[in-house]
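Have a look at this one.
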Amino acid sequence: MKRFLDLADFPREEVKDMLSLAARLQRHPQPSALAGKVLGLLFLNPSLRTLASFQSAMMRLGGTTVVITPGQGTWQLETRPGAVMNEAAAEHVREAVPVLASYCDAIGIRMFAEGRDLQHDLAETGFKMMADLCDKPLVNMESAANHPCQALADWRTMDDLHVPERGKFVLSWVNHPRALPLAVPAATVHMAAMRGMEVVVARPEGYALPEPIMEKARQAAQRCGGSVRETSDRAEALKGAHVLYAKEWGSAQHYGDSETEARLRKPLGDWCVDESWFTNADPHCHFMHCLPARRNVAVADAVLDGPRSVVIREAFNRMVVQMAVLYRLLRG
Amino acid sequence: MKRFLDLADFPREEVKDMLSLAARLQRHPQPSALAGKVLGLLFLNPSLRTLASFQSAMMRLGGTTVVITPGQGTWQLETRPGAVMNEAAAEHVREAVPVLASYCDAIGIRMFAEGRDLQHDLAETGFKMMADLCDKPLVNMESAANHPCQALADWRTMDDLHVPERGKFVLSWVNHPRALPLAVPAATVHMAAMRGMEVVVARPEGYALPEPIMEKARQAAQRCGGSVRETSDRAEALKGAHVLYAKEWGSAQHYGDSETEARLRKPLGDWCVDESWFTNADPHCHFMHCLPARRNVAVADAVLDGPRSVVIREAFNRMVVQMAVLYRLLRG
Amino acid sequence: MKRFLDLADFPREEVKDMLSLAARLQRHPQPSALAGKVLGLLFLNPSLRTLASFQSAMMRLGGTTVVITPGQGTWQLETRPGAVMNEAAAEHVREAVPVLASYCDAIGIRMFAEGRDLQHDLAETGFKMMADLCDKPLVNMESAANHPCQALADWRTMDDLHVPERGKFVLSWVNHPRALPLAVPAATVHMAAMRGMEVVVARPEGYALPEPIMEKARQAAQRCGGSVRETSDRAEALKGAHVLYAKEWGSAQHYGDSETEARLRKPLGDWCVDESWFTNADPHCHFMHCLPARRNVAVADAVLDGPRSVVIREAFNRMVVQMAVLYRLLRG
């Protein structure tokens, strides 16, 4: 394995094989498996889980990490091709990425959506440019429209909890003070479809996921025996749900237009998960969220702190599955 | 040992035993004692010694560290219970702490006083909430009203220098451009009392340490054979002193009222330690300070750079004693 | 070797010996050579290559690093001797440096020119003060007027590329939005002279390198068989050049006067390297730059991305030569 950029790049059996490797590495630690290996982590956007889980995953396999955070002790980086660099950014990623890669055995890159042009972001234009600059094993630590490490961790979390592979998985839009990127909803809906689940996207009018995201998920569902649909009828969506996966994202209709988007979002304050959402769900329905979560905006304290919430387990599984990813990238 | 939060949690003999372990680890390094262990360090406030000494202590025992600094590459963290999170903070410590703990074998947390409500800060309301969120071995890297690692390092420093256990220890208030927290004075006065010393707190009118801090120190003195008193007569306090420990702190009388506090502090420019302070002290009287120190505001260059100053040794001892703390937490 | 502060501190044979050691360490990795050793890195200025290459160099030899970046999670540091510290800086380097050194087996310090007083900066007043505070092996990670690690990496890069030791080396001024320090041009012109090359400094009127920098390079040339001259006739300078080394620096004539300097620089937009610069150069002329580089201000995309450019190799060689430096400092 040379790159871990998108769960869709792997057949279902290979994903399950990575999950098995993760389980083995957790049960039987290999504290020297990656001894002498250096992982470079380039964060163009903030992080807590991704930073800490990649560092700890690497260290638990005996490797080490170098972290570069532009603007935080490191030069601000330019990403625009052809830029005349007479502003704040001192260095271009065209140098920064190959230089960091040259010091390391593998690198991870986090680069969120620009949030201006939907097609540009859905096409992963920015991340693909970065990936093209890197000749070492590469991990996507969240790009404009993907977050494969989160998806893999969530898959494992559902396996841990014995959520049926054919179970009902509801990805629900929830509120947030700002329009957030499509990376996690895109990765999540695809992952659940690839796991073979009955996937329902519940979202208010105006928050439909872009067609390419839905189509990719539908294709995965078709290959893997699941299904994917969307609705604005939250109550109907949640009926019998085994999982409620809450996520914030911006309206694709008003992409890059934060004022109009904010007006659309304003009356949607009831899209904050509370216990009433689970009335007709499966009694054991789990609450999932990739974190960070805006308490009492996206989800009520009572749910996040209650027995349905498995968010800490999801976060922990980031470390566990990333050990498998790093093992595959660096040991094969 | 599961937690290192307050020197007062341990009998005097156990503190001395930790100091013996620190000495042994310094004389006979154990570079693999904590191999494979990961220490997470969460800094809600700035640090130099604490960051560098915990990292080096862990590395010198063969372990590794993960550092999380909210707002510096990591999301800003919310700490208020029940907050409706529609402002800058993207994540609550209720998630951040258990997530970080899940990746690590032990964690350290630094969380200064809020400086608004004295009772809230003296009660360690903030740090206790953090501690309750952590199911792994935990170190207090400075809380609202405590700094046990500094206290332990200072105890060792006095042992190194053969300062008599029954010697005279003067904690003196010194000036500073801002009102600083009570953590170090509280920990210091208690530590010196617990060491069995004759403790005198010298401070101008208005800067008396809050009664719960004094009372805790007096109780330690009673158990350990020392004494604790306070005075605004600096010259009298310093007579025969073996140690002058200088520290800045804000007036408890005007806690949270920075303007009134600043007016009270303004005429106190002579509370800046210079050689004249030592006129009637023991000839070998040492100058101690936990650092960082405001040169020529809290202490004159001549003292800090002079032969009385043992501040670098105190800072070095942070690493040495923390090796013992980490060893106890992670190996028992 | 106790310190690596200036290539001029070493005889030519010792520099070549370090380059041989670097080559050996690259061909025959010694992943445990510095096991148990801790390197402290103090960055008073931003960094990407220096941070990542020192960390990876240390890790590839089995050691570990502690990074301190004032103002980024760490207190802001005061550097002025005798300062009355009642402003933003909470700690003085007079404490910070010995404290960090006490935790580590060696330290590196990066401290750029202040840019106010040319004589002060050329005399390395700031860095020398820092060095005097450190009793451990010390590396200059770029000071006001030197960058020996970059110089050593560039020497190795030319060896890698079989650039003749008597070849023609052109250091050319290039444009930049701001006046930059003299560290890299000073180190570069000296290094090329010490390598024995025919060194020509090409720069517009007003950008002559200060006489002490030129004189030091001329002395190295005299000892090592090379030559050093300067000119404002860029075309003449580049005739037959084996290497074009581009670098931005501020006018020494208007040192510390950013407005006048900016007016002088404004009409110099054609000092941006493009392919036309190489018309009469040696056909295999290499383009070198220490990075970060302002694309399309200092150098055109076509050159930086083209076959002449060896900038990534130079950056990679930072890690390789620093392994040798750290090995010498910590193992002898």
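Chains here go by letter, A, B and C, matching the order in which they are written, and residues are numbered from 1 within each.
Convention: a residue touches a chain if its C-beta (ideal position, glycine included) is under 8 Å from a C-beta of that chain, and two chains touch if they have at least 3 such contacts.
The chain list, named the UniProt way, goes like this: A, B, C = N-acetylornithine carbamoyltransferase.
Note that the coordinates shown come from a computational prediction; the quantities given were computed from them, not determined experimentally.
A.B. asks: If you list every residue number at the chain A and chain C contact, are more than half found on both copies (same) or fewer than half (different)?
C.D. replies: Comparing the two copies, chain A and chain C contact each other through largely different residue numbers, since under half are shared.
A.B. asks: Rotating chain A so that its CA atoms sit on those of chain B: what angle is that, to a multiple of 5 degrees?
C.D. replies: 120
A.B. asks: Distance between chain A and chain C based on Cα centroids, please, to the nearest Å.
C.D. replies: Averaging C-alpha atoms per chain gives centres 40 Å apart.
A.B. asks: Counting only residues that touch at least two other chains, what does the list for chain B look like?
C.D. replies: 64, 72 - these are the residues of chain B that touch more than one other chain.
A.B. asks: Where on chain C is chain A touching in the complex?
C.D. replies: It is residues 29, 31, 43, 46-49, 51-53, 55-56, 59-60, 64, 67, 69, 72, 177, 291-297, 301, 304-305, 311-312, 315-316, 319 of chain C that touch chain A.
A.B. asks: Taking the complex as given, what residues does chain A use to touch chain C?
C.D. replies: Touching chain C: residues 35-36, 38, 40, 64, 66, 68, 70, 72-75, 78, 82-87, 90-92, 94-96, 98-100, 102-104 of chain A.
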